Amino acid sequence: MNKAVLKKILKVFLTLQWAKELPRQGFIALGFKRNEADSVAAHSWTTAMLTYFLASEMKKNGQKVDLNKAIKMALFHDMAETIVGDVGTFVKGMASGAFAGIEEEGLKWLVKDLPTTKEITSLVSEYTQRKTLEARLVKLADNLDALAQAKGVPAAKDALKYFKEVYHITKIPFHKTAVGMILKDEIEPERSWQKR
Amino acid sequence: MNKAVLKKILKVFLTLQWAKELPRQGFIALGFKRNEADSVAAHSWTTAMLTYFLASEMKKNGQKVDLNKAIKMALFHDMAETIVGDVGTFVKGMASGAFAGIEEEGLKWLVKDLPTTKEITSLVSEYTQRKTLEARLVKLADNLDALAQAKGVPAAKDALKYFKEVYHITKIPFHKTAVGMILKDEIEPERSWQKR
Amino acid sequence: MNKAVLKKILKVFLTLQWAKELPRQGFIALGFKRNEADSVAAHSWTTAMLTYFLASEMKKNGQKVDLNKAIKMALFHDMAETIVGDVGTFVKGMASGAFAGIEEEGLKWLVKDLPTTKEITSLVSEYTQRKTLEARLVKLADNLDALAQAKGVPAAKDALKYFKEVYHITKIPFHKTAVGMILKDEIEPERSWQKR
Amino acid sequence: MNKAVLKKILKVFLTLQWAKELPRQGFIALGFKRNEADSVAAHSWTTAMLTYFLASEMKKNGQKVDLNKAIKMALFHDMAETIVGDVGTFVKGMASGAFAGIEEEGLKWLVKDLPTTKEITSLVSEYTQRKTLEARLVKLADNLDALAQAKGVPAAKDALKYFKEVYHITKIPFHKTAVGMILKDEIEPERSWQKR
Amino acid sequence: MNKAVLKKILKVFLTLQWAKELPRQGFIALGFKRNEADSVAAHSWTTAMLTYFLASEMKKNGQKVDLNKAIKMALFHDMAETIVGDVGTFVKGMASGAFAGIEEEGLKWLVKDLPTTKEITSLVSEYTQRKTLEARLVKLADNLDALAQAKGVPAAKDALKYFKEVYHITKIPFHKTAVGMILKDEIEPERSWQKR
Amino acid sequence: MNKAVLKKILKVFLTLQWAKELPRQGFIALGFKRNEADSVAAHSWTTAMLTYFLASEMKKNGQKVDLNKAIKMALFHDMAETIVGDVGTFVKGMASGAFAGIEEEGLKWLVKDLPTTKEITSLVSEYTQRKTLEARLVKLADNLDALAQAKGVPAAKDALKYFKEVYHITKIPFHKTAVGMILKDEIEPERSWQKR
């Protein structure tokens, strides 16, 4: 591999290390302590994993979903936060036009020297627009991951209701089912082995 | 006290609690782990304390500095971050006009129902413009506090040089002296009692 | 500024950095984990902010309260803990005379070379005696801040009752109202923007 | 989506949440404090990101690498640790046959009810054998991520040498180049914007 | 003391430092955040303290219990985890024969150069077999300590039931009484001084 | 066991849980971040372990040391801190008579209802006086444990010198040897298995 390209790749890679330490700031506004919030990096992994599980099943059932595109979209969907931070919905809400632009510009800056700049910015843009099936699926996974994180933190109990508000955005029928099952404690993580 | 006013005050007060948990995000970009970064609240206290120490001495030496105004400015200087987060200099740099506006709007939103909305927004605005002696003094204290925090974290060693870059902004002669004394380890925190 | 004086100021300032990391120890006795307790520094900021909000309103309503004195008192009220630690009420209770003396001596030691030694020790002493309106107001703010912190930590649920016990100390009528409003969840931190 | 299948998927997803909190235990044996170690989840994301960057470039250069397979392999490579923990190389070394079997069994147990059990176990098995180009590339990314993490923690300085020992395993020519560039500080994460 | 022996002792001692940072991993599977789990070292101390309290009382009541042996057993009972980690019951359950062997081998490796290798391995082996009164008493203390830890973490509420499952293992009559008293909140830690 | 006695024992046991979360405060004055300081509980375990290793070897060499007494002394030596906190040497230095009394009273309060009140207070008192061989040995272990902790935290580099100052207190010949070996990096924790 060309040494100059390798260097550019490693530079972005070292920058992405910050995402391991950045708390997902929105959770702090829900009353989380600093260490109860997950990191941008950890959230991105569980989101990508759930996206993979769901897209695989959808494909199996004959739905036209591009599995590999969806996985990459999930991997990239929050990477701009490494640079611009997990700015609250507040800022986004206040000046949506202006701020959306800033986040977009942040991403461009971060990935500008990568061999795959175009693929990344294009997938994140697709995600932001929430139109394609893949974009809506990743949003669904992103939302369920926030719910899973919030469920474990008692301070967030009052805020669990907010997680129902994205139904209309994803328009994926099983989104509501999934939120319901998690909220009603119908699913328990694998613990059968603990009883042995 | 009127109950409705009390309620409005307590609402802002409960919102400010988040600042206890928000890491100063810029430090993470310098290589800090999440718990090596101080909180917005803790930083604001040490900044206000140093402002008080320095302004008292300046006043004693006959300089025209409004001590009480400076203390309040220090207390308020980062309070908007409770809402908009400690967004990196990056975002600020990219679209300074646009973003400055967002931070300002965030502050207004946060304090809009307080009896002292005007005093707060006016002091933060004065701070941002860096023109009055008080504004420059608080900036100096803000800068020395970041330096003190960074000195204790080895990962930040390479970044210590950045702390010299604000000399030209504060134009306070002893700013450079202070940075120099801290960087050269000429000052050690009170430890004489440990030798007993 | 005289270099020797600057050095003395910076020495105290560097010592105060410890307060960013010191957990408020009393919370651990209520069942908090280490990172659920706020720091002495962060607590001091929110206390000073609430003091400012309340004193401003009281003044507006014609009450004779020295706003600037109250703010400084709030800033200084726990600074001795940087040196002597947040020793439990236990120790204080056991040997109140003896220990009060130790805390006082700790403060003197810490600030002995500052240009404003006298103002600091005098304000802390006034605070400890809980007689003046400013002292009682700062105690009220100190108490509400502990309540706000405790409310977010489920382990402290059983201990919330203790926060009612200072009514008789502050003798400020709206103290009880404020505690009641916070305990009954009548106030929610600013979250309207999250619904957007 | 079939509700029973959705439930099975969500069960694994909720179990994977643990990986956000599990410290990479090997780092503690290098002298890291608990919060200096990254989580299994965060490590998996940065590893997948680097795998994507490198595989994309390799493909562009005409190498036969299956990009999508490599990304999935990176996502899955440590997921068994969610169940069996990040057991030290010690245990692995002592009874390699026996333990390898345990880790494999742990993975099977975790994913046994997923629609894609086979794909996951097959990719992890391929990764463990380190024979295909994709397996060696993911190992390389896994290794560089550990190096990036270790570089930021001074306690690990003495252990940086261990990171050179996997050259012979990956047999990818630029592995050595990359380790060298990171160790020699030839690459600095994106910070140009901080100078503005 | 012979310098070579001292060196061997200090080597094990420095290795044991890791136990201060290792979270008790099983708690994470119950939904704890990383910093809500206690460390292997801290758990070992409280277990040894409770063992001492209970064994002293039992002896006083005429039961034949070797107090000093019990204390040492409690001190050593989890020290192998410093090397092999706090591997979940899962792994232990899956391949009990195989894994038990690994843990045993880990301990031997860790203590192999100590003057007291034999005493340590023999006491840990006795503990594992749960036959002698001392072994069952230490298991009881180990279990109550996990219960005390879990009680303080709301996320573990659903898992409190698991703590009843070791009755049949210890066969110590007051085990059940103790679990009951703790679960029913009949005992509150020393707080009388807080009311002063 | 008598239920009333069991209840008293469990009350102290639940109170001791706080020691798992209390940072050793003195380290914060050396520049440690909150999570870089070990807990009072974890420190007590490693101190007891080292005491056991050393006393065993001394006994083997024919020295008259009461091994079981030494272990218990190590277990108890800091337990009063659960109540009075790890108050800085400062306070102790300032008013040694007065404060020593407070710590003693704190311990008495904590253990007053235990069946073994006398043994505990007597052993802690013996430790404080530093006269018997066991007391000096536990002090040595306490000191080496602080050194081991400090070595891993770069911020404490300048403070390592303080650890040499207790030679004259313990008067145990190998104390100096041990400090020297640790400071000079002559001993590395068990890592041979990492090279496999």
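A, B, C, D, E and F are the chain letters, set down in written order, and residue numbers restart from 1 in every chain.
Note that in this section contacts are C-beta pairs under 8 Å (C-beta built on N, C-alpha and C of every residue); 3 or more make two chains touch, one makes a residue touch a chain.
What you see is a predicted model, and the numbers here were worked out from it, not measured in a lab.
A.B. asks: Decide which interface, B-F or A-D, involves more C-beta pairs in contact, and give its chain pair.
C.D. replies: Most C-beta pairs in contact, of the two: A-D.
A.B. asks: I'd like to verify one number: the distance from the centre of subunit D to the centre of subunit F, where each centre is the average of its C-alpha atoms, in whole angstrom.
C.D. replies: Result: the chain centres lie 39 Å from each other.
A.B. asks: Which residues does subunit D have that touch at least 2 chains other than itself?
C.D. replies: 18, 29, 33-35, 39, 83, 88, 90, 94, 109, 152, 154, 189, 193
A.B. asks: According to the definition already given, which pairs of chains are in contact?
C.D. replies: Touching chain pairs, listed by label, are A-B, A-C, A-D, A-E, B-C, B-D, B-F, C-E, C-F, D-E, D-F, E-F.
A.B. asks: Along subunit B, where are the residues that touch subunit D in the complex?
C.D. replies: Against subunit D, the touching part of subunit B is residues 26, 29, 31, 33-35, 88-90, 93-94, 154-155, 162, 165.
A.B. asks: Touching subunit C in the complex: which residues of subunit F?
C.D. replies: So the residues of subunit F in touch with subunit C come to 18, 21-23, 25, 28-29, 32-35, 39, 83-88, 90-91, 94-95, 98-99, 101-102, 105-106, 109.
A.B. asks: What part of subunit D is in contact with subunit A in the complex they form?
C.D. replies: 1-3, 5-7, 9-20, 35, 38-39, 41-46, 48-50, 52-54, 56-58, 60-61, 68, 71-72, 75, 79, 83, 109-110, 114-116, 119, 144, 148-149, 152, 173-174, 177-178, 181-182, 186-190, 193
A.B. asks: Considering only the defined contacts, which subunit C positions touch subunit A in the complex?
C.D. replies: 35-36, 152-154, 189, 191, 193-196
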